[in-house]
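By written order: A, B, C and D. Residues from 1 in each chain.
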Amino acid sequence: MYRFNLNPAYCKGCGICIAACPKKVIESTGRLDAKGHILPGGGDMSRCTGCRLCELVCPDFAVAIVEDEAAEEKNDVNPD
Amino acid sequence: MHSETSQNLIAPGIHYLQGAEACAEGAMLAGCRVYAGYPITPATEIMEHFARRLPSMGGRTIQMEDEIASAGVLLGASWAGAKAMTATSSPGFSLMQEVISFGIMTETPMVVVDVQRPGPGQGYISTSQEDVMQARWGHHGEGAIIALSPASVQDMFAMTIRAFNLSERWRTPVLVMAEETVAHMRERLVIPDLDSIEIIDRKTPQDEGIAPQDYLPYGHGPVPPMAIWGQGYDVNHVSLVHHRDGRITGYNAETHFDNIDRIRRKIEDNVADISEVEARFMEDSRHFVICYGAVSRTAVEAVLEARQVHGIPVGYIRLKTLWPFPEARLRELVRDAEKIFVPEMNLGMMKHPITEALRDRCRMVAAVPSLGCLHTPEQILARIQEEAA
Amino acid sequence: MNEIGHPMLKYLKTEGPSGPRLPLILCPGCGAGQVLNYTLHAVDRLLAEDNLNKEDVVFISGVGCSSRLTSHYLQFDSGWTIHGRSLAIATGALLANPKLRIIVFTGDGDAAIGGNHFIHACRRNIDVTIICVNNGLYGMTGGQVAPTTDTGEKTATTPFGNVEDPFDLCKLAETAGAAYVARWSTAHPRQTVKTIIKGIRKKGTAFIEILSQCPVHKKTAPVEMFKALRRLTARVKEGAAVPDGRIAVGEFCNRDKPDWISRYQDIIDQENRHKDTECTGSI
Amino acid sequence: MMEIERYEIRIAGFGGQGVVTIGRILGVAFTVFSGINSVNTQSYGPESRGGACRSEVVLSHAEINYPYVRRADTLIALSAVALDTYLKDVKKGGLLIIDPDAVRVGKNAADQRVVPIPAAAIAHDSGGVKYQNIVVLGALQCLIAEYIEKTALKKAIKATVPPETFDTNVEAFEKGRAHAKAFLNSKPEFRALMDA
C-alpha cells in the first residue's frame, strides 16, 4: 500500500501528477489553498502500483509516494 | 611554491622581451594556468605567447569565438580554482564589460589586460589611453574596479603579477590598462630570484576552517573566502542581488545595500593599500605634471628639461594605479600648486578625477592631449613653457 | 509539512541561514521544474551506479526561466551566469579542472544570444551535457518571440505573427559537431532520464533538447500542454520519417570523437616530455 | 666601449626584408650581451607584412624614457620609400646606410655620411637574398664598432635565429662587415669623419 504525500508549501496545483498517473489514482481535491492553488490528493490508493511517475513529473518536488507499512498491515487484518 | 613547473617558468636574469611577452610571463609566474582570448591588434602577441608557453606548465590556452566568450571563460576557470586571464584591445574591451560587471558582482578573481588602441569605433591600431574611463565606468551598475597602468616592459611583467595578487586578495576583476606602446616595445626585463616574488592565492573556506555546512558564499567578512568547485562546498555563484548565504529570494533594500556597498567598500576603503603613486622632483615645485602609462616616459623627459634647461619648478607625479583613484595620496603630495599638466593619449580623461581631487589646491588643470601616438617630450614641454615660464 | 518528502529533495537546499529557498521560483506547471527533476533523477542514478563523485558535478546556466534551475536551491556546485554565455563559462571550468562533470541548463533564448557560443562549444566538442529547455518563447521577460517560435505564431513582440522560421536546435548541434544529440519532451519523463544519463556518460558535447510547456504565456492549462506534447511528437525510428506535422523525438546522433581537453592534453604531455627550451621566451 | 648618452638607429624597408629582425637582434646584442639599455620598437599589423616596414633601436647607458627615434643617428634605408619618408629625421652628419641597387641618393643626403651596401646582391651570392638584413647588420657593426663588439652581435644572432641557419647568418654578417671595412678603407676622409 502506498501513500500520496503532498507538500502543500511547494505544490502549485498544476495538475500534471493527475494527468500523468497511469492508474488515474491521483485526483484533484477541488479546494483552493491559501495561495490560490487547487491541490491534488491521493484517491483510491489501493490501485497505486508505486510507479512513482507522479514524483518524476512533478515540477515542484512537492509529491512523494511513501510505502505505508501501517496501512499495509491494516489491509492484511481487514481486507475489503 | 613553483616546484611543479618552476623549470618551465621564465629564468631569473636579464631578458630582452616585448611588453606583451613580459605580461604573459608575469601571469604564468603569478600562477595563471588558463588563458582565453580572441585575436585583436595590438594585443594578439600576448595570446600567442601564452599559446606557445602555457602547455609546458600544464595550463591551457584557448582561442574563443569572441571577446565575450573569452572573458566568460575566466569566470568558470576561476570558480574551478584556476588563475585565469584574457587580453584584448579596446573594441574587445567594450565587449568584455558584461563579464567584468558580472565578475565584480560575483567577486571573481580574474585579470583582463586591455592593450589600448584609439577609438571610437575601429579607430586605429596605434596607441591610446582612451579606455581609462571605460575601465572604471564601462561596466553597468555600481561596484569598484582595480586598474593598473604599466609604463615599461618591466612594469608589464611586475604589474601583471600584481594584478593577479590584487584580484586574489580582494576577490575582484583587475584590469591592466596597457597601451600599444608598452605591449609592443622590447627592452630589458630583469627577473629576480623567483622565490623573492610575492604570489598571493585566494583564501578558501578550508583556509579559514569553515565547514561546508557553515559556509556563507558572500559572508565571513568584507572579502568572503571563496569555495572552489569540486571541493564539496556546493557553492552557487550568483550575480542577482543576494543575501550573505547566497539566497536570492527575500529581496529587500537593506540586503541590496549590504551586498553592493560591501563590494564597493572592500576596494574603495583600501585605496592606500591598492593604489600606487610615484612622485619625483617634488621639493619646491610650483607646478606638476600628473601622468600615467607610457606617457610617463615622455613626461619625465619634459619635466627634466623644464627644470634643468628652463629653470621651471615642475614636479612629476605618476599614477601607477588608475582605479581606485588615489585621491587622498594626491592631496598629500600636492598641497599648494599653481598649474597642473595632465598629458594623456586622449582628449582629457583622467584630468577629471585629478581636477576633482585638486581643484582647491591649484589654479589650473591643463589637459595635454595626443591621439594615436605618444607625445614627444617637446609637446609636453611646450605646454609647460606656454603656461608656466 | 510531511516528514517524508520528494526523493530528490536530498539534492536541494530547502532552507538557508537567511530563509527558505523553496518553492521553486517558476510558475505553476512550468516544464523547467520537470526538467530539473528528470536531471536530478539521472544524476541520482549515476551517483549510485557510476564512479561519479557528487563534488565533481557542476551545474551552470545563463539567464531565463530554464536558467533559474541553477540557482540557490541546488545542493551542488553551480553557477547561475550570464545570458547566453553559460557554455563559455563551462568551457573555462573544464579548462581549469577537466575532472568536473558539467551540466548546462539553457533555454531556447540561449540559441539566440548564445547561438555563437553554442555552435562553437559543439564544434570543440567540449565535455559538457547541455540540457536545453525549449518552450518556444521567452518566458522570463513575458512571452516574446524566440529562435524556436513557430512561423506565424503571435507573441508579445510578434503581435501580427512571427515572420521568421524557427531553428532546429538538434540539427544545429549535430552539424556543429556535438558527439551526442537527442530530443524529448517534458511528457517523456522516463525517456528523458535515460537520455540524460547517456548524455552525462558521453565524452564530448551532449546536446539534449527538451520540448517544454509555458502555460502562462501560452495561456493554456499545464495539463493540456503536457498532453499535447505527447500528441505532437513522434519517435524517430531508423529508416522511417516521422509523420507530417509531428516533431521528431529520440536520439539523433551518437558518435565517438575526441573532446577538446583530450586533444589538448596530448600537447601538454608532449611539451612536458620535451621541456622545450626553444620557446622559454627568454630573449 | 664609448659611453652612450643616447644613440638612435632606424631601419626601414619593405616587409620581408628582415627589418624587424635586425632591430630585435641589435636590441638583444646591446642590452643582453653588452649591458647597454635599448628600446626596440617596430611597425606591426598589415604594414609589417609587405608594405613599408620600420624598426627602431634607441640606445643609452642611462635609463631610456622616450622610446622612439627623435633625430636618428643612423638610418638604414633598404627601399626608396623608406629613404623618402625618413631622411628628414636623420641628424646632420648622421650615418645613412643604403642598398644602392634599390635606393639612389644625391644632394638630398648631402648632410649625411652615406655608406652604400649592396646587401641583397651580397646575400644573393652567399646564403640567399633573405640574409640581406644580416649583411646590413654586419656593415652597421663595422661602422659603429665603438658602440658594439661583433661578438655581442654574433651572440644575439645565435639567440635569435633558427639554429640551423646560424652559420649562414654569420657568413652574411662577416660579408657585410668586410664590405663596410673595404668601403671605409677606400674613403680615408670618411674614416676620419667617423673617428672624429
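Rule of thumb we're sticking to: contacts are C-beta pairs under 8 Å (C-beta built on N, C-alpha and C of every residue); 3 or more make two chains touch, one makes a residue touch a chain.
This one's a predicted model, so the numbers in the text were calculated from it and none came from an experiment.
**Student:** Per-chain Cα mean versus the mean over all protein Cα atoms: which chain has them closest together?
**Tutor:** B
**Student:** Where centres are the averaged C-alpha coordinates, which chain has the largest centre distance to subunit B?
**Tutor:** A
**Student:** Can you check which chain pair, B-C or B-D, has more C-beta pairs in contact?
**Tutor:** B-C
**Student:** Could you give the separation in Å between the centres of subunit B and subunit D, each centre being the mean of its C-alpha atoms?
**Tutor:** Distance between chain centres, rounded to whole Å: 37 Å.
**Student:** Indicate the whole-number Å distance between the mean C-alpha point of subunit A and the mean C-alpha point of subunit C.
**Tutor:** That gives a centre separation of 29 Å.
**Student:** Need the CA-centroid distance for the pair subunit A / subunit B, whole Å please.
**Tutor:** That pair's centroid distance is 59 Å.
**Student:** By the touch rule stated above, which residues of subunit C touch at least two different other chains?
**Tutor:** Subunit C, residues with two or more chain partners: 283.
**Student:** List, in ascending order, every residue of subunit A touching at least 2 other chains.
**Tutor:** As it turns out, subunit A has no residue touching two or more other chains.
**Student:** Where in subunit B do residues touch two or more of the other chains?
**Tutor:** 15-16
**Student:** Could you pull out which subunit D residues touch subunit B in their complex?
**Tutor:** 24, 27-28, 31-32, 37-42, 44-45, 64-68, 70
**Student:** Taking the complex as given, what residues does subunit C use to touch subunit A?
**Tutor:** 1-2, 4-9, 12, 22-24, 26-34, 36-38, 41, 186, 189-190, 193, 215, 221-223, 226-227
**Student:** Spell out the residues on subunit B that touch subunit D in their complex, using ranges where they run on.
**Tutor:** Of all residues in subunit B, those touching subunit D are 14-16, 41-42, 125, 181, 184-188, 294, 297-298, 300-301, 374, 376-377.
**Student:** Report the residues of subunit A in contact with subunit C in the complex, numbered from low to high.
**Tutor:** Residues in contact with subunit C: 5-7, 9-10, 12-16, 18-20, 37, 52-53, 55-64, 66.
**Student:** Spell out the residues on subunit B that touch subunit C in their complex, using ranges where they run on.
**Tutor:** Subunit B reaches subunit C through residues 7-8, 10-11, 13, 15-17, 21, 24-25, 33-34, 36, 49, 52-53, 55-56, 58, 60, 62, 64-66, 68-70, 72-82, 84, 98-99, 102, 216, 227, 229-240, 242-250.
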